[in-house]
Structure formats: structure tokens, C-alpha cells
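There are two complexes below, and they share chain A, which is joined by chain B in the first and by chain C in the second.
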Partner chain A sequence: MMIVRLALQSLLNRWVTALLTVLAIAMSVMLLLGVEKVRTGARESFADTISGTDLIVGARSGSLNLLLYSVFRIGNATNNVTWKSYQDIASMPEVSWIVPMSLGDSHHGFRVLGTNTDYFSHYKFRHGQSMTFASGGPFKDLFDAVIGADVAEQLGYKVGDKIVVAHGVGSISFVEHADKPFRVSGILAKTGTPIDRTVHVSLEAIEAIHIDWQNGAPVPGESISADQVRQMNLTPRAITAALVGLKSKLATFKVQRRINDYQEEPLSAIMPGVALQELWGLVGTAETALSVVSAMVVATALLGMVTMILTTLNERRREMAILRSVGATPATVLGLLAAEGGLLTLAGVVLGTVGLYAGLWLAQPYIDHTYGLSLAIDPPRPDEWLKLVSIVVAGFFAGLLPALRAYRLSLADGMMVRI
Partner chain B sequence: MKTKSALASLAILVAFPALADQAEHRHLGPHVHGQGTLDIAIEGNKIEMELVAPGMDIVGFEHVASTDEQKAAVEKAKEKLTDVLNVFKWPAAAKCKTDAANVESRKETHAPGEKDDDDDKPGEPQHSEFHATYTITCAAPENVTGMETVYFSDFSGGQLLNVNVTTAKGQTQAQMTRDKPTLSLAGVM
Partner chain C sequence: MNELVVASATTQREGARPLDAVSFADVKYSWPGPSPFTLTIETFELRRGEKLLLLGPSGSGKSTFLSLLAGIVVPDQGRIDIAGTDMAKLSGAARDRFRVDHFGIIFQMFNLLPYASLIDNVLLPLRFSKTRRDNALREGSLDIVAKRMLLALGLDETVIATSKASSLSVGQQQRVAAARALIGAPEIIVADEPTSALDRNTEGAFLKLLFTQSEEVDASVIMVSHDESLEEHFDRVVRLTDIAVSQRGVLS
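Right after this comes the complex of A and B.
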């Protein structure tokens, strides 16, 4: 106990350097824990991009491909799904609801999704949260569009504005559906998912804007006006994918197999949660890299502490000599410096942990709103406690390094101190 | 041009109806030795499980069991797999019991001349697999937090089980291996 008190007093005497060291360690601990929080938060937000949907159905392809284009709007479908197959799946007795999705057009680089109003009630994200409208409402008219939060913000749209959809998915397009503009009927609240970057229109509208087109281009002299098109049959011939909800989770695998074995058309049914896990497994290497970097930052901070103690050691020869002269054994000197290392690290770890939680508490709403990343404010998990304890232990042992030096010096200095 | 070729292919199909027939029903799932699939669906107090594993993993061969020894091995494996709660062990606190267990070794009963769901020829080297479905009821489903398996010590050919899980709370995927024969359901239960 005496040793700890002496170490504390000695540190107080050099409080500026000591404080800086503690701060360096605190920052590194914050980083270590913070990276962990961001990592788990990102993982959970990612896995919750879509929830409540039991199966996603598309043309036969890999599960990741289907997930990427249907949920993340990345890449394209290998094929379309015929409307007949869609209806067959919809009429399966286990199916509770089904939402069609039709992709392929864009608006200033944002994907246009053709769907129906069920999409807004059945597509869930983040622990079963539903989409909400920041303003306006779902589409009522044939040429109504509902836009995501990012689309509205980046293009400065508000409810009532007219927009023109472009054919294809490039950010600059030369072929536009200019004859049939849409009216923004609603703007969705920020979700932190790809919904934010999507323009939603009705499936019939997708059919309507392509009705006078052939082979991906308008037919000259054969344009059908927006009013004429309203009188026509707008049942889609094909869709890109469909979200399926089942009456019972127990039927998931059975229905999945039946769709995968569907004889009339090669289809794939994937479980979005499973595919998301697979996808995360691919990008998971970056997680490890993050952890390694933060571990290295902690090591650097500890090294800094050792350097600090070592450099001050020279100035403290006198202190050591006095201690020795009043009867402190070399072992006491050793203990004193090791305790100093331990104390500094402990203070750093405590400060870092407290700082992290304070920071989380302050920044969480902002991060959630701006990046759609929900960071959980929960107490450190067992493995995190282990990390914290091992940092303190490492600090104690790092303190031994200068301590051993002082131990050897104090023997010599005790004999021939000349000041 | 398009119509012509469509007409031509239609003519071919009319001329050779067998072609159309075959073209429709060719489908074969993946088959990787050492790897099985375990699907688990949990809702309320019911657990439905389905195991598909290559014959190689379970009994060490994939042809039709011909010798008495091989037939006995298949029977023994089926018996073991039928006792599902001793292969896939749910926590005792969950108080689970088996409602139904059905284990079959596909192709095993495949007699020469008999038509079955795959396109192999009887007696030829082929891939067979074990297919098991289970219905389990747990009296205390809140204690279903994970699962342990002795599948890998029971069946020496098995290296990996790809586990797909769906529950009321979400879906997840995990792998159970010889080194880590456990499954955690944290996050979806």
C-alpha cells in the first residue's frame, strides 16, 4: 500500500506528463472499445437491412446476387420472373403476403423500383420497424412516385414536384420517359437502408412508361399519351423479384425448396437473413483489420508510457537515492515503478471507458440519423472486460521495464550519488 | 427471324416429344462430401429440423448397400439419426421431445427398373444422401438458446454442417464443425 501511495505522490509531482500519458492511453482504449461498438453496430444494422421477409424470389442465380439487386440495388438481375410464376407463388397456401419488385429504370442515378403499396407496410428493417412517411403518402395515381430520404435531400425534391424517369440505370441517360412524368406523392423518413436511395413507383406505372417501347427504345411515331395509357391493360408481363412473407416460419424451408424446384421456370428463393450473413462473411475481413489496427494503437500508447517513465528516470535518480537512503530496498524501487505503470494504465482505461460511453450517449442520435448506424449503449461484454483487464496488466508489466533499469541504477546510485 | 426459329424449335419439339419432356425435369442439387445441411425453423414451441447429408459422411459409401455389412451400417445410421434429441441436443431446460422423425437414405430402395427422382442408373457408382426430417415440441421454448451436437463423433465422415435458422425474430446462418459442434441462437431467439 505504501508503494502505491508513494507512486501516486510521485506521479502527482509530475502531473503534466502523467496526465498526457493517461490521456494517450484513454484515447487508445476509447478507440479499441469504440471500434468494437461500431463493428457490432454495423453488423447488426447490416443484418437488419431487411427483416420480416421470409423469402426473396427471383430468377435462378446465386443467393448473393439476388440479395444484392433486390435489397441493395447493386448489379442486375440475371433474368426476369414471369407474372404467371409470380401468381403461382402468390397462390401457394403457405404464403401470407407477396410484394412484387420491378427494377431497371433510374432517376439521376437513383434506382426506380416498381412495386405496390403493400411494399410500404411489409418491408421491415431494423428489428421489424416499418417505413414511415416524412411527408405525403403512398402513391394513389398511376403516375405518383414515393422517394427515399436521400433522393429528396440530394435532388431537393418536395411533395408535388414532377420528375422524369430515365431508361436504364446509368447516372446520365439519353433515353428518358419524358412523355410520362411522375409526381412526387410522398417522401419516406430516413431508414439508413438502400430504401433511402430509391424512387418507388407502382408496378403499373413501370408497365405504362414502357408500353409504347420495343426492344429498349421508343418506337418512332407510335407514342401513346399518358392519358391514353390509363385506359390500357397494365398488368405486368414480368417482374424482377418478389418479397414473400409466410404464415408460419415452419414452412420456410418447404416453400423455399418448392420454389427452387419449380418446374415451369428456373427460380431461386433465398432467405434474406441467411444471405446477409453470407455477405457479411465476405466483408468480415475488414472487421479483423479494424480490430488489429485498434490493438496496435493500444500497444503504441503503452510504448509511449514506457518511454515517458524511462525518460523521467534520469531526473528521478535523486528521488531514488533518497528513497534508498531512508531504507527502501531495491525491490521497493522496482515495485514503485511497476505500480506507477499499472496506475497510469488503470487511470487511462477507466477514463477511456467512461469517455467512450459519454461520447456514445452524446453522439448516438446523430450517428443513427446521419449514417443509419445504431450503436448499442450496453455494458462491456465479458471479452471486452477481459481486454480492459489485460491492458492494465500489460501496463503493469510495461512499467517493469523502466523499473528493472531503476533497480539496477539505484544500486549503483545509492553508493555514489553526487548532486 | 425470331418467329422462324421459334417455329423451327416448335417443330422439333413436336417431332421429338421426348426432348421436351426431358428438358423440363433435369435438376440436381449440390453434393459436397464432408458437408451436410441442417435447416432449423422455430416458431412458438415447435422446432422443425431437416438434415441432408451425403452418404459418404454418414456411412462412408454412396452406392446401394449390397453386402450385409453395408446394409447393417445404413440401418444403424438411420436408427441413430431417428433418435434426433441424442444427436442434436437442445438444452435440457427447454424440455424438448420428438413428435415425428423420418430418416431415409435416398436411392437405397432404388430397385433396377424402378423410376425415382434422380437420373442415375441402378448399380452404377452414384451419390446418395441421407435425408431426415424432424418435428420437435419444447415445453419451455424460452430456453432454446442454442444446440450441441454429437453428429461429428457419431458419423466420422462429417466435417461441417451448414445451419440455416429461421425464427419469429429473424434468420441466421451458422456452421457447426468437428472443432465447434455447437450452435448459438443469440440474436434470433
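Right after this comes the complex of A and C.
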């Protein structure tokens, strides 16, 4: 016991270097575990971008393309879905609900989505969470708009503000629907999904602002005012995509096949979960790179520790000679130094783990709010425990390196070293 | 080969037992390596309870002699008996144990673990030697025994209770080292120029205290030095050059 106490006292005697070493290891462990947390958090947030929707229907295209434009607002639809097809799908007996989506316009770079109020209740994210309104409510009037949290924040909008929608999806647009401005009727709470960056209007409004347009441009001299348009039939001719919820998940494949085989026009139906996995597979290489980098940081920290122990070794030859003179075998000296390496690493790992959880606990609400990334504060999983234990074992073996040198020195010096 | 024993007037004390504490016979040892150094000792004895001063200029093979004595190295030829045991026959670890059982060692300086308390420093050998621990335990609890030894060597109570080894003067440090060498009553105290960093007065006082305690436990003391003025304190003085032949270069 006294030997252990002496080893600890010896470390305390060199507490500055020891502390720095422990801190370096702790930081590296924090990084390693942190990357892991962010990785799983990102993966889950990503997979949770859309939930509760069984099928996404759009014009015939690849599943990734459909997923990207319908859920992530990236890229464009290859073609539209006619209103008749939409109604046919809606009337299928297995279909419980269907929400239309019409894309193609934008507001200061934010996509405008034409839909109906069902969207707000049926679109789910993050384990079936529904959208909530931070202020205001869903659109009631034809020219009402509901904006996402990021839109409101970046453009400084509040309920009641007037906005003008631009044609096309570029951030700078030369063709605007300036004659038919919208009023912000509601602002959605932060979701951490592309919803935050979307301006939602009703499907009829999309129809209304394009009613006097042809081939993507206003027809000169045929302008129809905002008041006139209210009297007209605003049933859309086509939509971009639709979200479909089924009565029973068992029917998913059947309905999917039926939509894919739809005779009137070429359509695609995808399962969002499957497409998301496919997409993550593409992004996944980056996460592997992150893991590799953080593992290398841990290795660097251990190298630093070995350097630290090696540099103090010379000063400690005297200490070892004393121990040898009072009967410590070279093996004891070896053990002491190896234990020191293990002990420092253990301290670093414990400190790093505690530090990470403290940091997570402090930063989680902020990260969730700002980046929409929900980082789970749960105990380390088995593979993480394995990593932590491996680091301590590696530390012990790294400590053996200087220990072996000390062993040789102490064999050569015996106890007669004069320093 | 000449063996010379300079016996002082007070040589054989009455309590000394006939058995030699140390005996060398036809010992030959060469340091390996690029600049070999060979030491040959035909015969050398240290009697039980004897206080012996081994004089030798630096470079005369003192370190090698001490390494042989303490069993750090094993002779290439010949035999060294310590308290009746041939150390060369013991394994490395057994020699380490044997050493702490039978030897108390005092270095020239820096004898102590600077971060440990005085008591811990004194008790260090008892952690490795059961024999000496049992010896010490016969006199009371270990802390008490260590403290008593420190007091006997002239350290005062507040210093013992409050100091770390690093805050002591050199003289005080050497006393703690002496206490560590003596605790648990090993047979042989080996002191390697323990007073070289002390002034004359402190030196005399230190040796007096050391001998009082070594007599108490009937230990032999062998002290290595180059300082001839220390002669008066010892039973016997031996010059290393008289008992040993040292030679640089490879032995033919």
C-alpha cells in the first residue's frame, strides 16, 4: 500500500506535468467520445427529418432525387404530378391521409412550399414530433404564409409582415410575384429540419400567383389583381409531390407498387426511411474520417504522455536508486512506471468522460436550438466502453516503454548512481 | 597480493561475534563494456559489530567494491559471503530481498524521496523486508519505532511531524538516511561517503549518533571515504589499494 502511496506522491510531486498530461488525454477522450455523440446525434437527427410518412410520391425519378427535393428542398423536380393522379392516389382505400406539395418558388433564397393545413398536422419529425407554432397560426386567408424559424430569424419577420414571393428558386430573382404579396400568419418553432428554412403557403395561393403566367413568365397586359383572383377557380392543375400516410404499414409495398405501376402517368413512390438510409450511406464516409482523426488525437495524447514520463526519467534515476537500495527489485521499478502510465491514462479517461457529459449537459439545449442537432445524454454504449478501456490499456502499455528504459537504467545503475 | 589490516587500539569489542559479517575470497570482477575495469580482491573480512573505514581515492574501485559487497554485481570468480550466505548463488530478485534484509545503505547525498514524509522515508526498507519489519515490530508500532529512531539521531519532534524530506538541511537528511539504514536492525550498514557534504562538527556528531545506534543493534558499519581524518572514529581502517588490485584494460 505504501508503494502505491509513494507512486501517487511521486506523481503529485510532478503535478504540473502530470496534470497537463492528464488534461491532454482528457481532451482527446472528450474529442473521441464527442465525435461519436455528434455522429450518432447527426445520424438520428438526419433519419428523423421525416417520420410518420409512409410514402413520398412524385414524378418518376430516382428515390434520392425525390427525397432531396421533397424533404430537403435540394434540387428540383424532374416533372410534376397531375391533380388527377393526386386524387386517384388519395382515393385508394389503403390511404389514410395525403398532403400535396408544390415547389418552385422562393423568397430570398428560402423555398416556398405550397400545401394545405394538413401538412402541419401530418408532417412529423424526430420520433413523431409535430410542428408547433412559435407565434401566429396556420394560413386562413388565400395570401397567408407560415414561415420556418430560420426564415423568421434571418429575415427578421414577425406575424403580420408582408412578403413577396419570387418565381424560381435562386437567392436573387428578377421575376417576382410583386402584385400578390403574402402576410405572415404564423411562425413555426425550430425543428432542426428543412422546415425551418421553408415558407409555407396554401396550394391555392401557388395557383393564384401563377394564374396570369404562362411558360414561367407573366403574360403582358393580362394581369389579374389579387382581389379578382379570389373569385376564380384555384384548383391546382399539378403538384410536385405528395406525402402519403397509410392506414396500415403492412400495405406499404402494395401501395408503392401500385403507384409505381400507375398507368396514366409515370410516378415514383419511395419509403422515406429507406431513402434516408441510402442518402446517409453517401454522407457516411465523412463520419468515418472524423472517427479516424479523433483516434489519432488519442494516440498523440498517449505519445505525449510517454514523452513526459521519459523526460522525467533522468531526474528520477535517484528515486529509483533509493528504491533499489531499500530492496525494490527492478521489476518493482518497472511496475511502478507502467502503473504510472496506466494511472495517468485512467485519470485522463475519467476526466474526459466526465468533462464530455458535463459539456453535453451544458451545451445540449444550445446545440439543439441552434443546429437542430439533438445529442443524447445517455451512458456510454458497450462499444464506447470498449474504446475507453482500450485507451487505458494502451496507456498502460505506453507506460511500459519508459518503464523498460527505467528497468535497464536501474539494472545498470544499481543503487550507486551519483547524480 | 598484500593484505594489510590497520587495527586501531580498540579493535575487538567484547560483544562481537566470531562469525564474519562479510568475507571476500579470491574475488575477481570485470566491468563489461568498451573500457573494461577489473578489480581483484584476494581476501577481505568485516567482523560482526566492527566499524570499518575503507579509504580509497576516487577511481580506485570503491564503487565496484560497494557493488560487489551489496550484491548489485556478482563476481566473475571467487566468493563473497554475507552473514554466511554466498550471494552469487541467489537469483536476482532473491539478491534484492537479501540485500534489504541484511544491509542498511546510506548514500553520499540525496538519500530521501523528496516528496515523502520523514517517517515514510524511514519505513521504506520495511516494506520490502519481512525480517526487518518483524525486528522493528518487536519494539512497537512501526510509526513509533521510526519516530524513536529519528529522535535518537537528533531530529526534533516538530521537524519529524511536519517536514517533507525536501525541506531538510543536508545534515538532517543524512540523519533520516541513517535512521532508514538502521531500522529493523540489519547486520551491515554501508555508508558511501555519507559525511562529505557536512562540516566537521556536524560530521563528528553524525558519526557519533550513527555508531551509538549501530552498537545498539550490533550492526557492522563499513564506511567508504577518501578522508583520512575520519580514522579516529573507527575500529579499523583499510586502504582499498592494500586489499585490492584494480586494473584498466582487459585482463590477460
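Keep in mind that, in the parts below, the second predicted complex is superposed on the first by the 411 of 419 C-alpha atoms of A that agree within 3 Å, B and C clash if a C-alpha of one lies under 4 Å from a C-alpha of the other, contacts with A are read in each partner's own complex, and residues count from 1 in each chain.
FYI, a contact is a pair of C-beta atoms (placed from the backbone, for glycine too) under 8 Å apart; a residue touches a chain by one contact, two chains touch by 3 or more.
Predicted model, so just to flag it, every value in this text is computed and none were measured.
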Partner chain(s) touched by A:S10 [first = chain B, second = chain C, both, neither]: second
Dominant contact partner of chain A by residue count, chain C or chain B: C
First (chain B), second (chain C), both or neither touched by A:R324: second
Touched partner set for A:P181, first chain B, second chain C, both or neither: neither
First (chain B), second (chain C), both or neither touched by A:G355: neither
Which superposed partner A:S248 touches (first chain B, second chain C, both, neither): first
Touching residues (chain side chain A, partner chain B) in the complex: 47, 51, 54, 248-253, 261, 263, 271-274, 277-278
Touching residues on chain B, where the partner in the complex is chain A: 24-25, 27, 39, 41-43, 46, 48, 50, 164, 166-168, 170-174, 188
Residue ranges of chain C in contact with chain A within the complex: 63, 66-67, 70, 72-73, 92-93, 96-97, 99-101, 105, 107-108, 110-116, 120, 123-125, 127-129, 180, 192
List of chain A residues in touch with chain C within their complex: 2-3, 5-6, 9-10, 12-13, 318-319, 321-331, 414-416, 418-419
